[in-house]
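Presented sequentially are two complexes of chain A, the first with chain B as partner and the second with chain C.
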Partner chain A sequence: MANVTFPFPFPEHLSALLPEILVAVLAMALLIVDLFVPKERKALTGYLSLATILVAGVALMQVADGTSVTAFYGFFTLDPFAVFSKLLILAGTAIAIIMSLDYIRSEENVGEYFVLMLFAMLGMMLLVSANNFVTMYLGIELMALSIYVLVGYQRDTLRSNEAALKYFILGSLSSGMLLYGITFFYGVTSSLDFKQIGEALAAAPSSEHTAVLLGLVFIIAGLAFKVSMAPFHMWTPDAYEGAPTPITAFMSAAPKVAGFVVFVRIVADALPALEHETVMILSGMAVLTMAVGNLAAIAQRNIKRMLAYSTIGHVGFVTLGLIAGSGSGYAGMLVYLAIYLFMGMGAFAVIVLMRREGIQGELLDDFAGLAKVRPGYALAMGLLLFSLAGIPFLGGFWAKYAVFIAAVQAGHVYLVIYALLFSVVGAFYYIRVVKYMYFDEARVPFDFSENRLMQATVALTAMAVVVLGIYPDPLMELCRQAVIGIG
Partner chain B sequence: MELHNVLDFPILSLSIFLPTLGALFIWLFVKGDEAVRWASLAVSVATFLVTLPLWIYFETGTSHMQFEEFHRWIPAFNINYQLGVDGISMPFILLTSLLTVICIISAWRCITERVKEYMLAFLVLETTLIGVFCALDAVLFYFFWEAMLIPMYLIIGVWGGKNRVYATIKFFLYTLAGSVLMLVALLAMYFKAGHTFSILAFMDYPFDFTWQFWIWIAFFIAFAVKVPMWPVHTWLPDAHTEAPTAGSVILAGILLKMGAYGFLRFSLPMLPDASQYFVPFVVVLSLIAVVYISLVAMMQKDMKRLIAYSSIAHMGFVTLGTFMFTQQAVEGALFGMISHGFVAAALFLCVGVLYDRLHTREIADYGGVVNVMPVFAAVMMVFCMANVALPGASAFVAEIMVLIGTFNPSDAAQAHLAVSAKWVAIIAATSVVLSACYTLWMYKRVIFGDLTKDTVKGMPDMNMREFGYFVPLILLVVWLGVYPLPVLDVMHASVAHLIEQATTTKLDAAAALATAAPMQELAVR
Partner chain C sequence: MLETAFFYMFGGLAVLAATGVVLARNTMYSVMWLIFCFFNAAGLFFMLDAEFLGIILILIYVGAVMVLFIFVIMMLEINTAVLREGFLQYLPTGGLVALVLLIEFVAASRSGAFSQGAKATAEHFGREVNNTVEIGKLLYTKYLLGFEVAAVILLVALVGAIVLTLRARKDAKYQNISAQVRVRKEDRVRKVRL
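Now for the complex of A and B:
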């Protein structure tokens, strides 16, 4: 651990958790501070949340030194993999908070909104450091409970309430499944630690095989729900559509990073003995996920619903990296998730910016003629969409490239061919939005949010996909370094 | 950056990126439609001038890559920014830079909306097209090959005809679907050939037959869609018809050549045994393109559609020549591509001139145009005759070379054909008659006849600007038709090397490699 010196006695274990502790303390302090912030200046809470994230980021860079450290008797691990994914989570949360500053102004009780986002972020940070089922469950629940509330934040909107309820019920069910699966593993191996489970399973007698398989299925189902992998994706479109758009953006990026990271840890540490079964189940689910996500997206008229299905499609592609396994597969997943964070959130940011007659632009038709009215927004959105479609000179191409090459290396050529064909299907609904923006005439007058910070976010994400598209090497190298020692 | 060239200057990089840098400059600093037009013209002319030294300093005696550049790009996957040209790719770069200039001039008056975006799209497109012909790294090639879709999608979709949305989405998805399999093939080859994406390394690596077979199919789908070959040609008539004039010019002039270039750069030298194995397959598809598509062209009522089908038929000739593996046939195919680049581009420009006046492409809406536009009639006559491959026009040289080459195919090609290649040549030769039928019939209906329609009566003849961009095309078509030697000289050594690669089996080396050092195969699950 880096030599962080503290002016007071500080337990060795805690220094690895410094970022998490800071977030927890500052978030709770913010809850109190918010009481004294006048209603019309609630954005201040948002800016303070951004400051909290900045503090957490600085602390993270202080405690990260490229080594792998475990704390709390093996319940918490801080390795380059966790550090990199935490940075992604911090970035994703920060972008989502920036998007919220303007969006949420009309709502009441704004203060809690930002604090809930911080708690969700805390859950994810815990999740990516979990190398133990207990820590994992704590992280998942902290993240999920906060997001349930955020999804239903617009209390007066029927859609928002319905989405939150649906998400909550299905989410609880999946948590139950996850716990049930953990009990099987605990029963067989008498351990909750990923690595110990892995060793015990490798030595487990074949009479235990049924119990282990049952546990495997339940755990995969529970995790698949969290990253919206088909057939456990049902909640995604409704929750995405009903949630406030910044929360939709948040959900499409950060929790996916956290979910996949813990998925990688479980597959790599706890399940190597069951590699064959895991790959089989995941392959089936990946095939289904790519088909469901990309085909259903075509039928959507609401862009948030369309992007929800598109997220499912992308989850299918990321799963290929998980199936491929080994360093290159996991590195590919990180590349994908990092680039997706920018392009997915950038696209949602454009939606937040667009308002037509006071209503947020949510239908595909609302984009008609955007290129003539606001060429800048249209260009940014166009770049983000072509990137999501995976067309070169944009980052999305390298995201797909990184997971596909790992899958080919692992011998899953048929899966890659299948995935590429579905990426063509995916290209259709992305370029259809470009068609609305560039080829059609505007029908209703636009009315844009002119928040400078938001515009900067859109410009930065669009620039990020271009820069990553032309020179992806630093990111790829970073991801490769981050997964050394995993699996 | 490592440079290995006579100029000691990254001339290929400059050719590739000058248009995009110019586009960036125009985007940021140039205001007003007229200024944008002049600035774009300046950028495209500058690019053309930058590509000229490629021709002047080109060493004709060697098949080695020239003007090479090498820079590490993504070391994690051994992807390099590797550029170089030989006699096969160099002419296409000049063709691209010349046609882009002509495209920008031709759009001067007929594009009045979103002029800036239009010009930017064309300049970015030029970057991707030149990039495709320069790339010596397979991923770099794929990068430009796919990036081309974005500007082209916008060009057809924003400035196209009334059915443009359907046409452009069809074009985008068709070509994207075609090329994704190529990506899988490239990824598989990367591991097989020892973690490299170098095109030259792929040419040297001995793939065994099973590998060649499947990779050839993956490449074929990508290239056949681009050429396009029957039966995956259906995107082309739609895209051509709906694209603005300059879009059609670039489509016919350059984009179609990328597919055939792919065969010459990838399939033939990397996969010689599979290429020979598939000779009958390609020959049959090419003959269908030559004969059947010519008949289809005859029945078109829309001028642009007719020229689009004529392009498919001419590209059938090109693929036929490519897969005969003889010096004459392959050089004829290459020469045919360059000639077709000028002739088809000019014919689309002719239609564009008519369209600007009457805003219709229907043949039936014209008639007797010669009475009001004599200069135009003469110009169009030149290009119609060139399309028919009249002696003296560049297309004649190409067709006669392909026919001679087909009549005397290499042993490698003949061995795989069930009938004598002479019959193939005889069937292919019918194209000479058929192309005369559809081209001259169209010319007759549009240009000759009585001046009965009032709309046609009011058509002014070509102005200096319009005449201006036909002049270089006329000169080139006639010059190449009368004295093709300079271009053939450039190709000669490279084609000879290609023929040697395509007719030398890799199977012995593959078998030797398999016994000497059993490599860890990719277990395909």
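Now for the complex of A and C:
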């Protein structure tokens, strides 16, 4: 803490925060505008929040110039890495809002629902720009607090309440651990800035690393909770099952992007001196995560729970990129997260479509015989599931390919063989759903209400998966460009 | 010497109070122990010449947050006996984790890693520094971004709390005042022929 002299200089590069400032201001304005929107036309708030995301996206492209800028006295970084992940987060939030437009109509207080999603997005945008524990922690809290409320939005549903409460209590615990870990780093290095911590640790004698190691464990535990890495994944299936399905889709994609990006920043900037220990802890967790995610998914009859465990499995695969480290590893993670955003959210969008009179459409049985009634839905779901399984020449294959190759190059051959084994296990439960759709007789009636927006979302995500499967090079190149200068 | 004695007094009492929070049978006693714990933590802050943090801890946590806690507990009427079921069952695992953590903390604090940071802080702040002024200066200049984001977090907490609790319940009965005022004699009074 330096003595402050006045007049204090005006924050430099303030324009780098333009997208965040716009989102914050517009979200607050929307909170007021929503009061004047009549109850039966609340979708208007949803459209306005989509417009907000569009504005933020345009602003982001305006301020992004391919260089790395540190703004606000070193508390905020805008580099290509942050820009790319912010675009992913904006896209994920936009898809989730489109999914919600019709889904949430029956609830009360609909306007705030969209505003809370915008605030969660704001938290994630700050999170991916964090180069400092202060910004990181505040970003995580803003994101998490908004999502706790969104998970419990269907207040009259017991399942939703239970999910929100579990998520909130475990989330608070993990935030506490994270904070506690940060205090160790601050105590040893007297700094909260990732890069400065990295320098101080490199200079410090290795005898002082004991205390830092303890802090490291706490920080990894806290962050692992946010990206649902085993053994900190317990909340995931319950929260995913109980949350409104669009929120489940949102949670499975966007916060994972933000969490992993900040994970990369910490590992690359603050922990190079402890690389060996970090890799060891992360490898153990990755091994556990892949096993838990893929094995537990097999036993699920509820498809939301199944996809929750599948998310955990995918998190394990993404962790391989984190372990592989600088350059191709981080680029592989971005490729994975980008492709997962489309295929994961697409699969949840199909579940929203399956909701019909009196049936949530969440059980495997509800999908039986879908191909005969709705060949389009079945085809899209089939493509998305095959992609999630990593079948060649769909997007998901290239996601796995990028991460696995990076891990092999970094010398983690056994980990990759292990991961390949579990992708085969994973393929089983994805393809089982396809079997239900194409080869089984319908057990429950199909009388869908038409929902053009959802159908468009599903079609777009399925198309994205196919296009990225055939032609993945531009995305891969983009991700390679984005991580230059990281680590 | 005296300072060390005071440190152990505040520190020891804080640990004792924290144990009390967990072990107290009555939730209200837990809150009282927590208040006691906060006072001791405030004492530790005073010893570090961080009088602002000490006062804030008492004013806000004891004065506001804990009062709210007490209100909530009195309104909820929690059956603590149910909450305590399985305590003995989890005790071995929990105790083992706590023991391992304790050993790790001792190892970490004996490694001498914290001396550097502590020394820097002590040298930097003389006794003359008014830390209310210093914190104010830093909060509204260097840490402005964090300050603003914290404000947004508070807004979200506010909106979230209202969203989750403010609902028109369909099964609740409401008073329709205009209907009550408009009521006429014929609506209520019936002449009964005996």
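Here is the rule we use: the second predicted complex is superposed on the first by the 472 of 487 C-alpha atoms of A that agree within 3 Å, B and C clash if a C-alpha of one lies under 4 Å from a C-alpha of the other, contacts with A are read in each partner's own complex, and residues count from 1 in each chain.
The working rule: a residue touches a chain if its C-beta (ideal position, glycine included) is under 8 Å from a C-beta of that chain, and two chains touch if they have at least 3 such contacts.
As the structure is a prediction and not an experimental result, all values here were calculated from the model.
Engineer: Scan A:Ala59 for contacts with chain B and chain C and give back first, second, both or neither.
Structural biologist: Neither partner.
Engineer: Considering only touches as defined above, state whether A:Phe386 meets chain B (first), chain C (second), both or neither.
Structural biologist: After superposition on chain A, A:Phe386 lies in contact with chain B alone.
Engineer: State whether A:Glu141 touches chain B only (first), chain C only (second), both chains, or neither.
Structural biologist: second
Engineer: Can A:Gln409 be said to touch chain B (first), chain C (second), both, or neither?
Structural biologist: first
Engineer: Counting residues of chain A touched by each partner, does chain B or chain C come out ahead?
Structural biologist: C
Engineer: Can A:Phe184 be said to touch chain B (first), chain C (second), both, or neither?
Structural biologist: After superposing on A, A:Phe184 lies in contact with chain C but is clear of chain B.
Engineer: Who does A:Ala211 touch here: chain B (first), chain C (second), both, or neither?
Structural biologist: A:Ala211 sits against chain C, while chain B stays out of touch.
Engineer: Touch check for A:Leu116: first (chain B), second (chain C), both, or neither?
Structural biologist: second
Engineer: Quick one: which bits of chain A touch chain B in the complex? Just the residue numbers, please.
Structural biologist: 371-372, 375, 386, 391-393, 397, 401, 404-405, 408-409, 411-414, 416-417, 420-421, 423-424, 427-428, 431-432, 434-435, 438-439, 471-473, 476-477, 480
Engineer: Which of the residues in chain A come into contact with chain C in the complex?
Structural biologist: 1-4, 6, 8, 11, 17, 24, 28, 31, 72-73, 75-76, 108-109, 112-113, 115-116, 119, 122, 126, 134-135, 138-139, 141-142, 145-146, 148-149, 152-153, 155, 184, 186-190, 204, 207-214
Engineer: Quick one: in the complex, what on chain B touches chain A?
Structural biologist: My answer: residues 73-77, 114, 117, 139, 142-144, 146-147, 149-150, 153-154, 157-158, 164-165, 168-169, 172-173, 176-177, 180-181, 183-184, 187-188, 190-191, 522-525.
Engineer: Write out the stretch or stretches of chain C touching chain A in their complex.
Structural biologist: My answer: residues 104-105, 107-109, 111-114, 116-118, 120-121, 124, 134, 137-138, 141-146, 149-150, 152-153, 155-157, 159-160, 162-164, 166-168.
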